Amino acid sequence: MSQRTRATEPAIPAVPPVTGGAPRHLVSIDDVSIEEMHALFAQADRFAASPRTFADTCPGFISASLFYEPSTRTRLSFESAMLRLGGGVLTAAEMTSSSVVKGESLADTIRVVGGGYADVIVLRHPSEGAARLAAEFAPVPVINAGDGSLEHPTQTLCDLYNLHVERGRIEGLDVVLAGDLKYSRTVHSFAFALARFGANIVCVPQPGFELPEYLVERLHEEFGVEPIRADARRLGDLAANSDAVYLTPQKPHQLSLFTDARGWEVQQVDAVYMTRPQTERYSGNEMSATQYLRLEKRAMAAESLRDAVVMHPLPRRDEISADVDADPRSIYFKQAARGVPIRMAILGWLLGRIDLGVERPAPMPASTAVPLGRNPCPNPSCISRTETRHVVPRFRLIARTPLRAGCGYCTREIAFAFVGCSSTGVYHVPSAKAVGQIHVEHLVFLESAADAEQLGFRASAAS
Amino acid sequence: MSQRTRATEPAIPAVPPVTGGAPRHLVSIDDVSIEEMHALFAQADRFAASPRTFADTCPGFISASLFYEPSTRTRLSFESAMLRLGGGVLTAAEMTSSSVVKGESLADTIRVVGGGYADVIVLRHPSEGAARLAAEFAPVPVINAGDGSLEHPTQTLCDLYNLHVERGRIEGLDVVLAGDLKYSRTVHSFAFALARFGANIVCVPQPGFELPEYLVERLHEEFGVEPIRADARRLGDLAANSDAVYLTPQKPHQLSLFTDARGWEVQQVDAVYMTRPQTERYSGNEMSATQYLRLEKRAMAAESLRDAVVMHPLPRRDEISADVDADPRSIYFKQAARGVPIRMAILGWLLGRIDLGVERPAPMPASTAVPLGRNPCPNPSCISRTETRHVVPRFRLIARTPLRAGCGYCTREIAFAFVGCSSTGVYHVPSAKAVGQIHVEHLVFLESAADAEQLGFRASAAS
Amino acid sequence: MSQRTRATEPAIPAVPPVTGGAPRHLVSIDDVSIEEMHALFAQADRFAASPRTFADTCPGFISASLFYEPSTRTRLSFESAMLRLGGGVLTAAEMTSSSVVKGESLADTIRVVGGGYADVIVLRHPSEGAARLAAEFAPVPVINAGDGSLEHPTQTLCDLYNLHVERGRIEGLDVVLAGDLKYSRTVHSFAFALARFGANIVCVPQPGFELPEYLVERLHEEFGVEPIRADARRLGDLAANSDAVYLTPQKPHQLSLFTDARGWEVQQVDAVYMTRPQTERYSGNEMSATQYLRLEKRAMAAESLRDAVVMHPLPRRDEISADVDADPRSIYFKQAARGVPIRMAILGWLLGRIDLGVERPAPMPASTAVPLGRNPCPNPSCISRTETRHVVPRFRLIARTPLRAGCGYCTREIAFAFVGCSSTGVYHVPSAKAVGQIHVEHLVFLESAADAEQLGFRASAAS
């Protein structure tokens, strides 16, 4: 490798970094600032230009792929990235069939593997919040390679990186999300990230598989995104059977200039992001519904798609027909290939071997342990429900009055009837004024009055 | 490693090669010229002499083992070779349990893995022709590590390399093939390669498991090989119950000098190649047949075997008894060990890191897509039958009049009753003169007149 | 890496070692001398201090993990060690599902993998004695990573290394072994090793799961260990329900100074070694017994444990409660982490890349092949019973009069009624004087007189 080229670029330290302090993890896409993402993209550009010349980035470092459910593509992408960086790879592709049998907790496995076997852990797990739990216990960085249907942040970073490469920017792009927008974790994360970057989203859902209402609300709350009806005639066949919706962070008064009764007219779009039907999550009724959306050669002739790149997180089944593969706008195989340089950037960064040169964002506020009572998380796939040995239920406040909170692991909103204070022993309705006074570490979520009384609480005089 | 030694030997480029143009694949042993094989053997000799000193051959390069059926031996042999060359290895040893479940086609998997994860793909697949299909789609070299019962070219190269090492040449050797000559893919490939090199073959089959007649015919057609009865008395116990046959590329008039009523008398042979019973392919009747051939210490005393090396592709069961292991003529473990240097040579060559210094042979003529109608391949294990999403049926002509063709993937001869021309819309009997005039890209293979008429063809006036 | 630091330390050869002669294996902890263990600990200290700077120790070398039963922890620990040394790793984590299916013997697999694929084999196998068999056939070092319930020597070396690091010595330490002392292979090996080093053992068994009597006897025979009743009041909760026993290599007259009617009073102990219930080996009755021992925060307050480190071979279930994890005396995660540097030392040593600077101990006397008759080993899990193709039953003498012998693979004592001499054709009772005169290679173990006569032996006139 040319030393000169290197000299003017972000430094790769010549010696192993001092790993003092808590490691940086990648559990959620929200853990990464926009500035860090831009820096990662720049780094990935360098790696992509000459992938076989960076073997001096992580020599002597080891990653461990701990996969509690199979995913060859994701695993190989990470392992390829680590090898390209000159590191070594430990593979446990079938965790379910080994130490798990002997009844070991995830927390223990993580402490052992992270305690001396590996310098970074790439974790895939079927339970939501598993990566959050792993990060709590790991002495080394944990990268979430998919936890249930919650997060898969490196897939989202890869998707964003592809827009960066193909379009040179993300802000202000018009991106079509097509297909199953209801169950696809990938599409949900991507939609949030697009909103965060200030891109516009054209939803072209499979009928019956629209983006869930609560997600649209969250997009509005967090990024000021406004949903408006879209006139998708220029999208042609692709949107023929869909009610398209335009999600934009632009202010409504600006929009009103451009919309009429038919809604916002879709003009040139920058990218179409197709998703496969998540059949494994369908109920019988949904399955037998109408035929799934299919992007074919003819559909690519639509006016709005003239300059659009076609993306797909893969694997695909029939939603993009083979005759589209040769179209130069089809970038889905390039998209997958770019998973390697972006993961090289992520690994090098978390291992302290690449300095992004941007300030570390303030960490997400820590969650709080539930002081007593049962686990209030209602999500049966949450790691706090599936692994009980080393997990203490935790929560994060969403709102104070009336009190709302989410699970500290899977983020699912907690359902409860009353709120107790573990200090005073009194319980209240969630909207009671007194609830606002309870110290966060004393909050107890109660299902019912019976539940409260069984735990020794007495009803508030006010309620 | 000594730089001086290197200087006088085939060059290993100091920088990554320019991978312009289509990659070179190893799908079939027929893809490699005799000259290339000799050059590979010479390269393998160097590697074998000092296997741990070539780590600068493929630094930064990555191979991916994609195994759709398990084969520890073959996989480890390739991975060892890649590690010895200084490369990295991605392993997907159980492809059937991962992305396949999500319904991904082989063509897509190959494009993803070859698009950015790995620099070379080592593929094992249960469907015949799978490696041919993979090579069509892969941006990087594909090495066939076994596709159904069709090809396993690196096993054959390993076997030939062993003869090269042990005997110094292959041409003119007398090689005994013993055991199940009917079902063993390994033995079929080896027989063809021996004939190509001009070696003689002594068939000592398990009774009922003779070399199939069509293979003997192909050996005659392609290499002028003549089968003659053999007098195998000097082979002793080994051939006691077999009707031996001698296959030689020599001209019959030469042979007549040496044969009498008992047939060609087997003298000193150079190698005995034992094969295990391929019980997984036996029908019930065949199974319960006579006891399988067994090479024991006593049999090794036979006059003809005095200087013969004993080979076996392994794994063995009981066809070579343990008391033969210590015999210096038993080279089967060495034979397996030599799989590493020959695979090092193959990997280094296909990755463009070793220049064999011989001219690249003209590529096999491309196959032709069947323009319409159903897939004419009669082989139920053919990749064109088992994977339909991204496969267009293809064929290669064998003869023009009467028309004969083989499947473009599995090479199995296509069975048909009539031939249509997609341009004129007329169909003919295969022997019709008009068939010879049909442009190859217009050829349609028809099962029956009904089939033809359903596709809109009309009968030829001539037929 | 600093070259200066290296200069004064045990040499790592600059070139591949000459591997003349038989390789050194690690089948049993008994294969390693105390001096070698101390040298390995010193080496491990170096590796632990700077694990990422020793990649020049084994460049170009390859280890193969052959795992016939899953064990992610052990496998990853070895593979991490090999990668840290700069070597490459071949992984066969699911041997049961691949070549085994084709009926290959362990002896053949070992010869193939050791013949050219790998420079060292790490073997895990469910049959006792499997590693001993593998070592017989392997051209390269074999490391036993667990064979049935017989040996797992690198676990024991790791445990001893932890005492070395935490206490600076092993001799004279007081070590509590707590929990299932009956079925835990780990605890049995550790107990023997402690006795060999001259440490004292405090047995605190789960009631009903005491250290087996034959082990206590062997400890006495081999190391002069005396078992005495122990007064474990100062061990507090941990020993509340157990009858503690003190095993010490000290002479009884010294002990008598310190013991009264309540037995030896446990004072400060140096380490507590907890073990999980080996439920997979329990019968139904044992299972439903009393609740398993549990080390909790409160128990850690016991006077005797003030300076004790808490060890556990992991995985744990509930026998150490989560509230003990944060206690600085809890070293079980460190203990697991130290498995990497000690395995680095072992790999580097067996590969001839690290010179321990101590003399190689005299090898264990070779075992002797049973000249005829059936396999006398009574252990149904012995490799000599489960793999018959390339195994000849072997034995080692324990005593001459009356004759006692152990299986040459699994070491289990052989049961027999009579002893025959294959030279004279006469058989005797084991205590007969004549038995002492039979040449070891002529010894035949006979189940019964009928057995003897069937094999053509005649009764001794004396018996």
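In order of appearance the chains are A, B and C, and numbering begins at 1 in each one.
Simple rule for what comes next: a contact is a pair of C-beta atoms (placed from the backbone, for glycine too) under 8 Å apart; a residue touches a chain by one contact, two chains touch by 3 or more.
Treat the numbers as computed from the prediction; the structure is a model and nothing was measured.
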Chains touching both subunit B and subunit C: A
Interface numbering overlap (same over half, different under half) for subunit A and subunit B: different
Cα-centroid distance, subunit A relative to subunit B, in whole angstrom: 46
Overlap residues in subunit B, where contacts from two or more other chains coincide: 89, 91, 94
Residues of subunit B touching subunit C in the complex: 51-53, 55, 70-73, 76-77, 79-80, 83-84, 89, 91, 93-94, 276, 314-318, 322, 333-334, 336-340
Touch list for subunit A against partner subunit C, complex: 16, 59-62, 64, 88-92, 94-95, 97-99, 101-104, 108-109, 111-113, 115-119, 389-390
